[in-house]
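Here's the structure we're looking at; comments come further down.
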Amino acid sequence: MRRRSLAAWGALLPLAVIVLVGYVGTVLWTLRTSVSSSRTFPKDDFVGLQQFERLLDNDRWQHAIHNLAVYGVLYIVAAMLIGFLLAVFIDQKVRGEGALRTAFLYPYAMSFVATGLVWQWVLNPDSGLQNAMQQLGWKDFTFDWIVDQDMVIYTVVIAGTWQGAGLVMALMLAALRGIDEEIWKAARLDGIPTWRVYLSVVLPMMAPTLATVFTLLATGVVKVFDTVVAMTQGGPGTASDVPAKFIMDHLFGRANLALASAGAVVLLITVLALIAPLAYARSRQKAKGGHA
Amino acid sequence: QPLKAEVIHWWTSGGESAAAKTLAEAYKAQGGVWVDTAIALGEQARSVAINRIAGGNPPTAAQFNTTQQFRDIVDQGLLNNVDEVAKRDGWDKFLPETVLSAIRVNGHYYAAPVSIHNMSWFWFSKAAFKKAGIAEEPKSFDELFAALDKLKAAGLVPLAHGGQPWQDGIVFTATLAHYGGRDLYLKIFRDRDPKAIMSEDFKKVLLAFKKLQGYTDKGSPGRNWNDATAMLISGRAGVQIMGDWAKGEFAQARQEAGKDYGCAPGFGPRAPYIVQGDVMVFPKTSKPDQVKAQQLLASVITQPATQVAFSMKKGSIPIRTDVDASQMDLCAQIGVAAMKDKSRQLGNGEIYMTPDQNGALQDVLTSYWNRNIPVEKVQKDIVNALKS
Amino acid sequence: MSGVNIQGLSIRFGHNEVIKNLDLQVHEGEFLVLLGPSGCGKSTLLHSIAGLIDVSGGSIHIGGQDMTDAEPSERGIGMVFQSYALYPTMTVERNMSFGPRVAGVPKAEIARRVNRAAEMLQLTPLLNRKPAQLSGGQRQRVAIGRALVREAGVFLFDEPLSNLDAKLRAELRRELKLLHQTLGNTMVYVTHDQVEAMTLASRIVVMKGGVIQQIGTPSDVYEQPANLFVAGFLGSPAINLVPAKVGADGVSLEGVLPLRLAAGRVKPGQHVVLGVRPEHVRLQADGRWRATVQLVEPMGNHQVIWMTLGEQGFSVLVHDGRRIAAGDVLAFDIDESLLSVFDAASEQRLS
Amino acid sequence: MSGVNIQGLSIRFGHNEVIKNLDLQVHEGEFLVLLGPSGCGKSTLLHSIAGLIDVSGGSIHIGGQDMTDAEPSERGIGMVFQSYALYPTMTVERNMSFGPRVAGVPKAEIARRVNRAAEMLQLTPLLNRKPAQLSGGQRQRVAIGRALVREAGVFLFDEPLSNLDAKLRAELRRELKLLHQTLGNTMVYVTHDQVEAMTLASRIVVMKGGVIQQIGTPSDVYEQPANLFVAGFLGSPAINLVPAKVGADGVSLEGVLPLRLAAGRVKPGQHVVLGVRPEHVRLQADGRWRATVQLVEPMGNHQVIWMTLGEQGFSVLVHDGRRIAAGDVLAFDIDESLLSVFDAASEQRLS
Amino acid sequence: MSKRKASSQWARVGVYAFLLFAAVFFLLPLYVMLTTSFKSMEEIRLGQIFALPSSASLDAWRAAWSEACTGVSCEGIRGGFWNSVAITVPSVILPILLGAINGYALSWWKPRGGEWLFGILMLGAFIPIQVMIYPLVKLEAAVGIYSSLPGIVVVHLVFAMPIMTLLFRNYYAGLPAELFKAARVDGGGFWRIFVQLVLPMSTPMLIVAAIMQITGVWNDYILGLTFAGRENQPMTVQLNNVINTTTGERLYNLNMAATILTSAVPLLVYLISGRWFVRGIAAGAVK
């Protein structure tokens, strides 16, 4: 066992370096910066938790965190659901699979600077869908979420899902194709309706992929930035603001490195607080035995 | 051996590129080689410049704004000064005071000014005004409101606005300067005086600001400024408050100032003229030919010919008052004239406040613009935003 | 309760025709055992009955209805897969109860069935484990359990007991037989175990290379194999095959085992192969032939004696504990009436 | 060529102790067969010898060296996994040649070994297939082939023939025996097939619940089972176990089978269990007891007669073809010297 | 028989209906982008985003590719194309390879402490990368690779590590562990098992990883801008120069054309990736 670890650790060395230098290092640096009064450049002074106090006092930050929660839940659910459905339907030996797959995946390839603008147009009540539908005769059709304080975050969810669902589909598709045909046979024999097989047999078997997708989306959520900037600039007002935009605004435009770092630290702590119990439960379960 | 200068700037759109080219050509004509590093968006370009300075690979020159952040880098000792050029070319003689005070830190000149923008012009669509039966362009803020009401009555969009925080900020700046007046403007932006902020006068300004919001259309949130300008061009909207770069859009649509659209930096001959400066800074380097290149560049870009050529393409006005403005368009000529009167000049918010304060203020304003918040609370929020 | 009627079935994997124009009638309530060498197409046949692979030709009727293109779930079958195909994320209990639960069988009824199957298969203490936490034999039993709780009209069992120990296998064999007798469902059962085949089957089908060689009751197939292949395939130790040539008189055989056959079975000069089951060789002092012992295999309740007779190897089953050693020369005799005679050229039995 | 010495081995899955303080000495060149009920820990034991699971306690020496913590590849073993574990992306040929290729065996030598194994396993036409394109038995043979080409010092075979037909199994059994004799490697072999166990083993280990019950030669284990479990586990049909009570004289037994034992084996009043192998019951007209036939199972070369004697069920092996029908009453006798006697309480054999 | 045919035909119709509906939703923005790219600015100012162009013109495409001015130079977005290729090739191959190795080491060899390493890495995936830029600039400058091709590749490597490792770790955890055991008995060492057994079984994940990484690197703007150095600026810098501006004019037709052109490479990858989404890669491995 000793030797066995050695080989693996040898292979993991680059990762270890990256983690230590790239991540642990920068996290520590960020932590350090967050308790300083750094502006454009990092400063070596110590101002205590002043930045954090300011952050917690800040309406915009509060709002951004709230938006993040709404966006996070909806986006993850929607992207996973739609991605999964697309993968399942594409997996039905359909014609033109390649074209369909590309159709669902292409949004992922396009810079959001432009596609965000298109979404802005499409969702805009004057130029977009609402206008088009009204011209087509549905006079009562209204769809003006993007200019609505309370609804705008949902439009970000729509655009985000549009962009991310394709990748989820690709991941799910790869996982679906990995499931042993015999399992399908057994289920068909058991007379399980196809949807039920997906739900009760296939989905649990895809658990590792689901975990991957979830984590992927979750990191995307926490870092979501360009979607919002390109579509709404955080607006109307700050109605669709998100923490990453707050951080980026302070990092660049507002030259407040310390506050931006404090924001990143708070984000990180929030994430930690959310996943720590999960990780703990998992390790407990593992200790109790069984590979499952 | 030509003097090679790598310049980071954010003049990337069509008109801006053309303007940048005039600088490059002027520099080349005087024996330099211009190595162009164009990076879209000011924040982005500035951040790259700063990172490259931090990473030990600074450009020869970088576009910057005369902001408090500029003072930050100066304080860090990261810039070379161009005192020699300033003295030799006699900058003190032909640069407006506002510009001089912005680039001069502790008696040294740390930047070469490139252009002057006014980011709060009032633009009027003649077609829309005609439709609404407005004979004359407004000459005061009250007339503006009256015109807006008429436009509204005519079923047009009175105020074309792009609902993005920085555009909200422009409208506010215009309101504060032209409705609140020069003194209040300075008390708020320069002195950040809590008493002034809590004052009745300022409250009126805020209410006027909010009133303007009532003249925007429903689709305004998130809109780009040029889409708003397009509404003026097509005659669907009457008024826009936007920087002088809007001229480019009109020009693109082959509209002419004074004929198809009107422009005003404010109301009346003594109206404040709000100034925002683009400058070049010169990161610290000890390589002799780099220093030479920096000095040559500083000299070239401030020369009158360069200035006129640049401003015509860029839509801005020259930094020096001693140039021949006759070739320039009507709006620019109005600007040049205004710049001659020192008492009319006002810096924009960035000049007086740190980027952080400026941003915090913007956050409060954009919230106020978009939501129904009691004006008293807004006043308090502004006090807070400007405190730090 | 339903029979299976297969007609002209062909199944192809790419260019590889695995089942070739196969006809097979499984009667209602029958216990049909499929025998055949590894890779002959037994599993393929089961899968096609279940509707799990597309057939290239032919038809499959179940219970009188054409089911060639029907959904597996509509065919009323339960199946034990050779590879088990357990649901890896479900516990043993869920693996077994999943089908009935989806079918909407009442909870109590499901519990009853699962518990009965678990008890029969000795899985009760393992009901909450996942397949990954089971031993090979335990997994196999779960696979059986899953099929049993279906209570289908036709059961398809693909080597269901292969990974179980002899004792458990004997118990389960008995249980399966009992179950079959009480429920009366139709069974198609693949096995390599002769004891299973013999004790369970109402009829045995012997296949080779996707073609049926013989169908008959266990004793038919064992005692009257239709051809050399069937003869050689059944029986352990294998049948002794001795080549011979028929003499001019049409009854006497020339070769290492000269003997006389009943008239009419063979033609003069014909080359034949004699099939002599090891248990039909009697070691007796007054035997007509003698051979040298090469190897003795004690098997607990019997011994297998490997002898040589001229060039010909020869095995004999001895049931008593008498001591025999390699090198002994023993006399033996054969009852001609129990012999099988095959034509050497066509390999078919000469009736 | 190396023996395996296991001392105090314990293996735990979570709270479940599967192997309990097990000592086992496998001699060099020995053919050791592991027998035991499903789930008793045979595979686990093999995996621990191969170094594929972490042991909770104890040590494993191979060829005299402590290998408890050694890499599997360093242990000089070849293994057939119960679940095959074929490399799905490699062809049959590559599956088999992977090991030697890793070891840097010359190409020609690899080809030779692979071809020999393929021939022996009748896989030659399948060498270019992927595992997914094989039948169950074919996969199993690839798994065997992969182990064989390793030519290791110790072979660990986990039910290697379970999915093969009787004929092929018999052939391979013989080939394996031959191989073992020529190469002289140490074999640890798990099987549920009694014939395999009896014919291949130099010694048999019977396990139950992770604990060794008996180690001995095949005939030892079969004829002198150490306890009730071993007695019942071996033999098909199973040994007849008849409870009895020793009379006051210490030799006569009371119960359904009253008979007399040799003096000294039992104590007066003791409760014992008699073990009578079905083949040791002789049906003979002058037998001391009589019983009613319940069921007759014809097995080809023998029949199993299930009888009842009072309450007690009873099986008898009959080797001739005599016609026996249910309901017949038959007389039988038993040779007392072949009896096993167990203490009813401790279940241990009374020597 | 006909019953099955009929019901399955309805199912097919349902499948295609769903896919078609989804495709329309997904393709709607592309339609707007395409039509916009063919319109003139005058027409775009009318604000009829769904209308077909009155007269399709390729001018915007030509300009986007080779004429648009982005600062002093006027060569459209094509300027950075080969730079993007030069950055993308190593920044795709290295992270995927390393991610696969990490995933394999973590899930199959389970070295002590590996889970901790992985945990920290995953936590790191939640830091907005912009926050990490400044310290990384300092670090790379210290090592001497700042503003160079290796510099940007290393940065991509760092930022790709969490997701790539996660992707492969979870994928490998789902493969039959028995295979690993068999390979170890066969004497395969760490690397040989990886190369000969694990990699061939990874095709679906390799494709997904390639899709993600190619897209991510090809579309990356901020990292290339900051770390690649002036000489190696990727295509996206040009793209952003074309389409991004605060106060400059916006040529929407050109923006759309440039955006679509820039994404051509990832799109091509998506199109040809299909045949590698293979079914049942581990079939037949274990009973």
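Which chain is which? They are A, B, C, D and E, in the order written, and residues in each are numbered from 1.
Criterion: contacts are C-beta pairs under 8 Å (C-beta built on N, C-alpha and C of every residue); 3 or more make two chains touch, one makes a residue touch a chain.
Since the model is a prediction, treat every value here as computed from it, not as a measurement.
Trainee: How short can a chain-to-chain path be from chain B to chain C, counted in steps between touching chains?
Mentor: The least step count works out to 2.
Trainee: Give the chain pair, either A-C or A-E, that is connected by more C-beta contacts.
Mentor: A-E
Trainee: Where the CA atoms of chain A average out and where those of chain D average out, how many Å apart are those spots?
Mentor: For chain A versus chain D, the centre distance works out to 56 Å.
Trainee: Measure off the straight-line distance from the CA centroid of chain B to the CA centroid of chain D, and report it in whole Å.
Mentor: That pair's centroid distance is 92 Å.
Trainee: Taking each chain's centre as its mean C-alpha position, how far apart are chain B and chain E in Å?
Mentor: 38
Trainee: Can you tell me which residues of chain E touch two or more of the remaining chains?
Mentor: Correct list: 47, 134, 189, 240, 243-244, 280-283, 287.
Trainee: Would you please write down the residue numbers of chain B that are in contact with two or more other chains?
Mentor: In chain B, residues 44, 47, 54, 224 touch at least two other chains, as defined above.
Trainee: Touching at least two other chains at once: which residues of chain A meet that condition?
Mentor: 4, 117, 126-127, 180, 182, 205, 251-252, 290-291
Trainee: Can you list the chain B residues touching chain A in their complex?
Mentor: Of all residues in chain B, those touching chain A are 43-44, 46-47, 50, 54, 69, 72-73, 76, 163-165, 217-224, 354-356, 358-360, 363, 366-367, 369-371, 381, 388.
Trainee: Could you pull out which chain E residues touch chain D in their complex?
Mentor: These residues of chain E touch chain D: 176, 178-179, 181-189, 192, 196-197, 200-201, 280-287.
Trainee: Under the definition above, what is the set of chain B residues touching chain E in their complex?
Mentor: 6, 9, 11-18, 20-21, 24, 34-42, 44, 47-48, 51-52, 54-57, 117, 166, 224-227, 230, 233-234, 243, 245, 248-249, 252-253
Trainee: Which of the residues in chain A come into contact with chain E in the complex?
Mentor: Where chain A meets chain E, its residues are 4-5, 7-12, 14-16, 18-19, 21-27, 29-30, 42, 82, 85-86, 89-90, 92, 94, 97-111, 113-115, 117-119, 121-122, 126-128, 132, 162, 166-167, 170-171, 173-175, 177-182, 205, 208-209, 211-212, 215-216, 218-219, 222-223, 225, 244, 247-248, 251-252, 257, 260-261, 264, 267-268, 271-272, 275, 279, 291.
Trainee: Could you please specify the touching residues of chain D with respect to chain C in the complex?
Mentor: Residues of chain D touching chain C: 13, 35-39, 42-44, 82-83, 133-138, 140-141, 158-159, 162-170, 192-195, 198-199, 218-219, 222, 232-238, 277-279, 297-302, 317, 319.
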